[in-house]
Each structure stands twice: as C-alpha cells, then as structure tokens.
Amino acid sequence: MKKVVALLVVVAILAIVAGVLVTQPLTTPAPRPAEKIYVGYAFCLTGPFAGPAEDGIKGIRDYIRIVNERGGVNGREIVLLIEDNEYKPETTIRIFTRWKEQYKLSAFVTCGTHVVAAIYQMVAEARIPYSDTSMAGPFADARKYPWYFPAPLGSYTDHYRAFLKWFKDKWAGPRAPRLAIVWETKAFAPLVKPGVESYAKDLGYEVMVEVVEIGSTSALEQMQRIKAYNADVVATMLPPAETALVLRTAREVGLKAEFVNFLYSIYWEPLVERLGPLAEGTYFGAPFVPWGYDVPGMKDLLEAHRRFHPDDRHTTQYVSGWISAMVLVEALRRAGDDLSGENVRRAWESITNFDTKGLTPPLGFTPMDHRSTTTIWIWKIEGGKFVRVAEVTLPRDDGYLGK
Amino acid sequence: MSAPSGIYSKSYEDEIAIARTPIERLALIIGSILLLVFPLITPTYYSVVAIYIFIAIISSIGLNILTGFAGQVSLGHSALMAVGAYAAAVAARYAGLQFLPAIFIGGLAAACAGFVFGAPSLRIKGFYLAISTLLAHYIIFFIIHLPSVAPLLGVPHGFILPDVALGPFTISGTFRNLYFYYIALGLAVFSIITAHNLMRSRIGRAFVAIRDNENAAEVLGINVYRYKLLAFTISSFYAGLAGATYVYFVRVIIPGHFELRVTIEYIAIILLGGLGRIWGSILGSFIIIILSEGIRYITVTYLYVISPEVSAYVEAFKLVIYGAIIIVIILTEPYGVVALLRKVKQYFKLWPFRY
Amino acid sequence: MSGEYTLQVIDLNLSFGGVTAVQNLSFRVPSGQIYSIIGPNGAGKTSVLNCINGFYKPQRGRIIFNGREITDLSPHKRAQIGIARVFQGIEIYRSMSVIDNIMTGRHIKMNANPILCALFIGPAKHEEVRNRAIVEEIIDFLNLEKYRKFPAGALPIGIQKRVALGRALALEPELLLLDEPMSGMSIEEKEDMCRYIIDINEERGITIILVEHDMSVVKDLSHTVMVMDRGMKIAEGRPQEVFKDMRVVRAYVGESVA
C-alpha cells in the first residue's frame, strides 16, 4: 500500500502542475493597461544558435531598457516578452497563440527562417508586424509577405553581391574574373548560393561550384580543383569549422585568391578569433559595424555595456540586436497612439532615411519593399581587426528581391 | 481485470465491447462532449496544445504497437514520421492532393518504409535491432539530404504545405486552429479505435505472442517473421499519419522536426504511459506534452519576473526536470501510469475493506 | 488420412557440431495412440520433439506426417497442418489473460486481414465471436472457468500447464506433442492432467506423443512406449513389455545394477 500512496503523491504533484497550468491564465488574466506596449520575442535561447541569440537579446533588452528609462515611446512603457522557442516552429506556434490571447501584441519577433516559413501565415492572420533575426532573403518580398520585416541587416545574398560588384568594378585583368563558390547543402548555404551564382554570372564572372559538407574533415580535392581553375575570388558559404578547414587547405595547396566568407549568424568576433591568422586578408560584406567600432552611435552601446553588464563580452550580435530594436522602436514611435498591428506596420513602412549614427547606412522601408538597405560595407580583416574598405550600393532591383 | 459484480454479458459481443458498464458508457459520452466543446470554451492556446497531444497520441500508438505489443525495439520512429510527412507534402505539392488523401499517402509511404526497416528483425533482436533501426534513421535522413532529392523537398529550409482542404472547404484564417483541433481529434480517435481493434483481434494477439515468447508463437502456427514485419508496417502507418498531420499543422516541413530526439521523446511517452496498452499512449502523450509545456510556462511566467538571465538557463534545465520525473515514475511503476491507475482503481473497488 | 500411422520418423540423425543428439532413429506413431518416449536425461527426447515440430533441422532422415513429407517445413507451417506442442517449461503468454492465451491458439483458424481487424467489422467480428465460443468450450473442458480473465503469469504452475494445454488444443491438432506435462506438479494435479490427456486422446481422437519422466504415468497412459538412450532407440513396445526389458533398466539405473 505504501507504494500506491507514494505513487499517488507523484500523481498529485502532476495534477497540481497541470492544474496550475490550466487555471493560471483563466483566473488572473494578464492586465492590459492601455499605457503599455507589448512586443514578443520568441527567441532561440536554447538550440544550435543559443550563443548568438543570447548576446542578441541582450542588445535588444538594453536598448528597450534605455528607451523606457527615458520615458518610453510616446510616454508608454515597452514590455518585452521573451520566451525560448527552442529554434522550433511548433514551440513558436504555442508561444504565439498564447501571447496573442494574453496581450495586445504590437510586434512579434522570432529567430530561424524555418520558423518564419511555419508561422508567417498565422501572424499575418492576426495582423501583427512580424520580424525575424534571419538574414536569409526569401521573405523580404513585401508584396508576398506584407506583414514580415526582415532583420534590418541586409540579406546574406546582398552581402556577397556587394563584394562581387566591388571586386568586379576594380578588376583590370585581361580575362573575365573567376569565382569559385564553396557551399554546403544542408544548412544556410542553399538559401544563398543560387542568388549569388546567378548574380555573379550576370556581372560577367566565370563561376565554378564546389561542395564542402558540414562535418567534412578534408577539402583537399576541392581546393586543388579551385587552384587548377585559377579562381580569383573564392566565396565560402560555410559554418566556422568548415570555413577554417577551407582556409587552411587553401593555404596548404598554395591557392592565391581573395576570400569572401560567410558571417555565420553574424557572430564575427568569435569566428575571426577562431580562424586566427587564417582569417587575415579575407573579406566580409555587411551593412553594420562590429562591436566597439568607432562610430558615433557606438557610444550608447558602450555606455549600456558599462552600466548593465560590464563583465560580459559582446559581439556583433549585440550590435545587430540593438539595431533591430532601434528600428522597432522607431516604428512604434511613428505609430503614435494607435498601436494596432495595421498602424504599426504602416508606421514601419513610413520609415525613411533612418539615421543610426553610423551603426548602419541610413535605413528605410516602403510598402512594396521591406529591405532596410541595399548599401553594404565591405570589411577586410587586418591584424585581427575589422577594417571597412568600401561602401557599395546595390540597385534595388526586383530581380533579387526575395533571393 | 474483471467486471464489477452485477455486470453480466449475454453474448460474446457484449463481452468484447469497448464500453461495457453503464459507468463506462456514461464516461464515454461525457468525455466526448467535453472534448467537443473544449476548444469553444477555452483560449485557442489550449486547443493548440491539445492538437499536439492528439498528434503525439497517433504517433505513440504506432510506437506502442511495435515496441509495447510486438516487443520490437525501434529507434527509427521519427524517421518514419519524416517519411510520412515528406510523402504527404510531395503528394500535396506535386500531385495536388487534398489533406485527407495526402496524409493517407503519407501513412502508406511510411508503412512501406517501415516494412523495409523491419526486414532485419528476421535475424536480429533487441539491442541489435535497435541499432539497425537507428541506422535506418540515418539512411532516411541521408536520402532526404541527397543533393538530387533535397531541392524537391525544400531541404533544409522548409517546404511550405498548402492549406488544409476538406472537399470544397479550405481551413485557414482565424478559425484554423479550431477546425484543426477537430481534425486532429478525429484522426486521434480513428487511430485509437483502429489500434484498439487490431490489438484485440488475432493480429494483436499474435504480436503479444511474439513479444512474450517467439518459440511458443511459432508452434501456434504464427509466422513470426511475417508478423514482425506486419508490426513494423502497421506501426509505421501511424507514424506516417502523425508526421503528415504534424507538418500540415505547423505548415512547414524541415528535417529538424524529426530528429532522433523526437524518437526518444516518444519512447519516453510509451514508457511513462505504459507499454503494450493503448491507454498508455494516450496518457503518456498527455502527461509529457503538458509537462514540457508547463515547465516552460512556469519558468517564463514566474522566474522571468525575478531574473530574466536566470530564466534563460532554466529553460535548458527543464530537460533535466523532465528526465527526473520520468525516472521517478519508471522506478516506482515500471508498467507506467496505466498500471498505476489500475492499482488505484482496484484499491477503490475494495475500499473501505482493505485486504 | 493416411490410415494407420499419423507420424513416421525414418532414419533421423541430428548432431550439434561434434555432439550427436539423435542417431539413426526410426519410429512410427499409430493413429489415435498415446505414444510415449522415455529415457534418461540427455537421451535426445526433446530433440526428437524439436525435429518433429521443426525447430531443429535434422542432418539426415525424413519425417512424414499423415503421409506428407514435412522434413523441410518451417515450424509454423507444421502447426498449421495439425501438429501442436506443449513445452517442457511453462511457455504461456504471461501477460495475457487465460482467454487470450487460448484465443491465440485459434490464430490459424482465423483469417481476417489487418484492415478488417482494424475496423472490427464483418468477418473479423464474426470470427472473433465464433472462435470465442470454441475457446469457451476448451475452458470448460479444462475446468479453467474461474481463471478466465486472470493474467496467466499470475496463476499456479498446475493451472499454467493446463492453460498451455488448452492453447495447444485450440489448434485442433491431429498430433499433440507433450513435453513433460507433469513436471513440478502435485499428485492431485498430475491426476487431473492424466485425465485430460486420456480425454483428449479418446474423446477428441488426437494422437499424442508424450515425453515424461514419471514412469507410473507412462505405464498407465501409453499405448506404446519407446525408450531412448544416447540418441538411439533401445526398445519399443507395449508398456508392460518394455519395462521388463533389462536394457531399459540398465539405461535408467546404470550398469552396476545389471
């Protein structure tokens, strides 16, 4: 009988847990004071991108905190709702349905392209502006996805395109420049490679393609083929470990070419540290600055860092979180007193020439085009530091919208 | 074990009926009504959680048939769900099939894959079979990721499924979750009833015979190998059905939905609920989903207020809590919650006379 | 029916690696008889049964059941054509109820396909009810009524053996192989079991091959007794004659007595 009693206790505990769950929101419905603005972040605090996301969410939280300290947006406090979506669509669906019922959300932000694919429709039906940290392009087309605002950080494809354009413009060789694309087929690269490849061909590059899968331990054959091809530019679209492998192998086989690498989930500093001397002289393209880069806008970030968590080490991820929060707050400011999803979206689309004090080029949105900017900075790694070598403005052509 | 006193069966049909006593019939009616009105009287969030529970029930019934009834350990369950999901998605996208035929195709495709998965069970058992099914898991994911196949399946970034359509009705918009609740409920009930029927018929008895004693099953004229394959096939049908329904609900299909972790979760469900019992799958799915949802809810609602930084770490810690609860239950009651409930029922049958 | 002999075993040889289990064994089981195989431990009795129902493939020799060669048939096929077996150990399905145990024995008499079973309609349901009636008859015959719904694993050993017997009977076999059905039983349980065996043989007309250590049981039940030692047949005949045979005594008690 003792055993049965012990088991009953377990059941009782379970029942209490279940009971708390079922009754909690019903008995104490969340207060909805009119003076607060609710913004939901279903973020990947666990899962493969937990590290970058954690730093990113710090940037967001710090910026919102400062805005609230200075009296909020139009006198309203912003309430940040943050939950872990585990980098999974199904969890995001649960979180979103719950928030939607509990709060009057003015904006919803997630991380992960596949999450956007899964829940865009649901958020759009709820008529709430929706953003995501992903820089993958597919949802940037505002005509198809009017409620979605991609992260104001340019698309991965644009990052590469800017470099290719810049390189082509200064190319003086007697023949057409040769590009070798090194990609993997399982993670992010499939979203990027087709757009980059077709753009390079349009620009007049000769293109070859090599695959280095995630988890590969050798890239020797690929690098030898690229060397034999006499490539002038190698565009790698790989995670850090594989990027390191490719760079090391390229050095071993004596491949002389310019490398443009993937800002894998914009985790610059650790990536460059990891690559060490291998990263020297390689390029990145991005419309934002790394942590600590000397621009006027960085002062606020350093101040927040000093005040809130002086011991933490920050990365570009923090800067990108900060920038996306700036854009969100600007949209909320422009929305005024009408915080309905429709109005916030309209306000968001009315942002033009938004000055981030050097953190990014001026940002702007239109109802037809949710790309924040097509101006990209080219970064070169010299002495372990990021040096801005050029600014490239790509035409806002429809051909590459959503690619 | 036996019916309460005063209940007599006048025919064998009566005796094998699902609900035999007036109380059981009443419970069935009240339960049905509750399930039907549930989404109408609660916030949508609860319907969404219920949908996940229904899907978990379908899938865990599949695993329970294979592992609980037929005694064949498989680590390929989530891969079979993936086969069902991708087959349904392909049928919907490229052949323009509607929801019901598409998920049915998903189930059939998974059943075919399961048939192949089960082939090694002729020669190997237990741990070795588990490893061979694990291998099958990786083979399926290898195929999904093949450069020639991946683009067709939208791997890795997702393949968006069309809206759920039933005949001329398309289920989308504000009431999507509500309608989908009824669809998932219907599919779960369908799975429960068919599985229950299978398990009380000659096929179910053959499965249990194989699990309990293969030699004895053989001398009763049961073709052991054939029935093992049948167990794999039937189990995979449910897995495929669940996988297809799941991706229709979340609208996008990515390989990440069906990682090995998912198989482990389903093993936990049937261990916790009770092996070799359809009820075990139902209770296990209910408990595990509520538990995982509850732990997150409690951390974010209560802990986040105190310290946002800490709550992020507790998020990761919830897997530990989750595991600890499973261990406690399995240690105290190896036959799962179902056996536990039966003991409680027996206790009250005798109450207040203790034995 | 092929007349006189239900089973013929011709020149059976079985060895495992270097160990010979059965050697040049031939015997015939007349239809309708209780045919006992006795012998000391390790004489190869159970091996012979395993050859008859197909668990072992003999290296040489033929097994003919009702005039049909079954040497290469798999065990479940042999069950389907009418050979049932009760194991020496208790190999019933412990988690199943007594009814389900015996219903499992009806497996080969039922043939609803999985889809019908899943829907539990038409033939599947009729079949279930029809066979249930037959199972109830067997339960009645073996006096198992009060254990019907108990999980078989929880029952006393004597009852478990009866369940195993019932399960074999559910196959409606022509030949029943009983491997030490009395082991571990009390005197009363043995008496019950003897009565069931005789009834099965006489009322149902089932030919029985009995392997048993209890000589009084063998003497009382058998029509014919075969004695084995070290894989070979050393004697065969009516019980009274066989037990007088000195070779048999020697095989059992050892050389020194002789």
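Before moving on, here are some points about what is shown:
Just so it is clear, A, B and C label the chains in written order, and each chain counts residues from 1 on its own.
Methods note: a residue touches a chain if its C-beta (ideal position, glycine included) is under 8 Å from a C-beta of that chain, and two chains touch if they have at least 3 such contacts.
Since the model is a prediction, treat every value here as computed from it, not as a measurement.
Placing every chain at the mean of its C-alpha atoms, the farthest one from chain A is found to be C. Here the chain at the heart of the shown protein, by mean C-alpha position, is B. If you average the CA atoms of chain A and of chain B, the two centres end up 36 Å from each other. Centres computed as Cα averages put chain A at a distance of 73 Å from chain C. Averaging C-alpha coordinates per chain places the centre of chain B 41 Å away from that of chain C. On the side of chain A, the complex with chain B involves touching residues 1, 3-4, 6-8, 10-11, 14, 17-18, 20-22, 24-25, 45-46, 50, 54, 61, 82-84, 87-91, 93-94, 97-98, 100-101, 113-114, 117-119, 121-122, 125, 136, 138, 185-187, 190-191, 211. Contact residues on chain B toward chain C in their complex (touch as defined above): 1-2, 11-13, 15-16, 194-195, 197-198, 200-206, 208-209, 212-213, 215-224, 230, 234, 276. Against chain A, the residues of chain B that register as touching in their complex are 43-46, 48-49, 52, 145, 147, 150-151, 155-158, 160, 172-174, 176-177, 246, 249-252, 254, 256-257, 287, 290-291, 293-294, 296-298, 300-301, 304, 308, 312, 315-316, 325, 328-329, 332-333, 337, 340, 343-344, 347, 354. Chain C meets chain B in the complex at residues 53-55, 74-77, 79-80, 84-85, 87, 91-96, 100, 103-108, 110, 112, 114, 117-120, 124-125, 127-129, 132-133, 136, 149-151, 167-168, 171.
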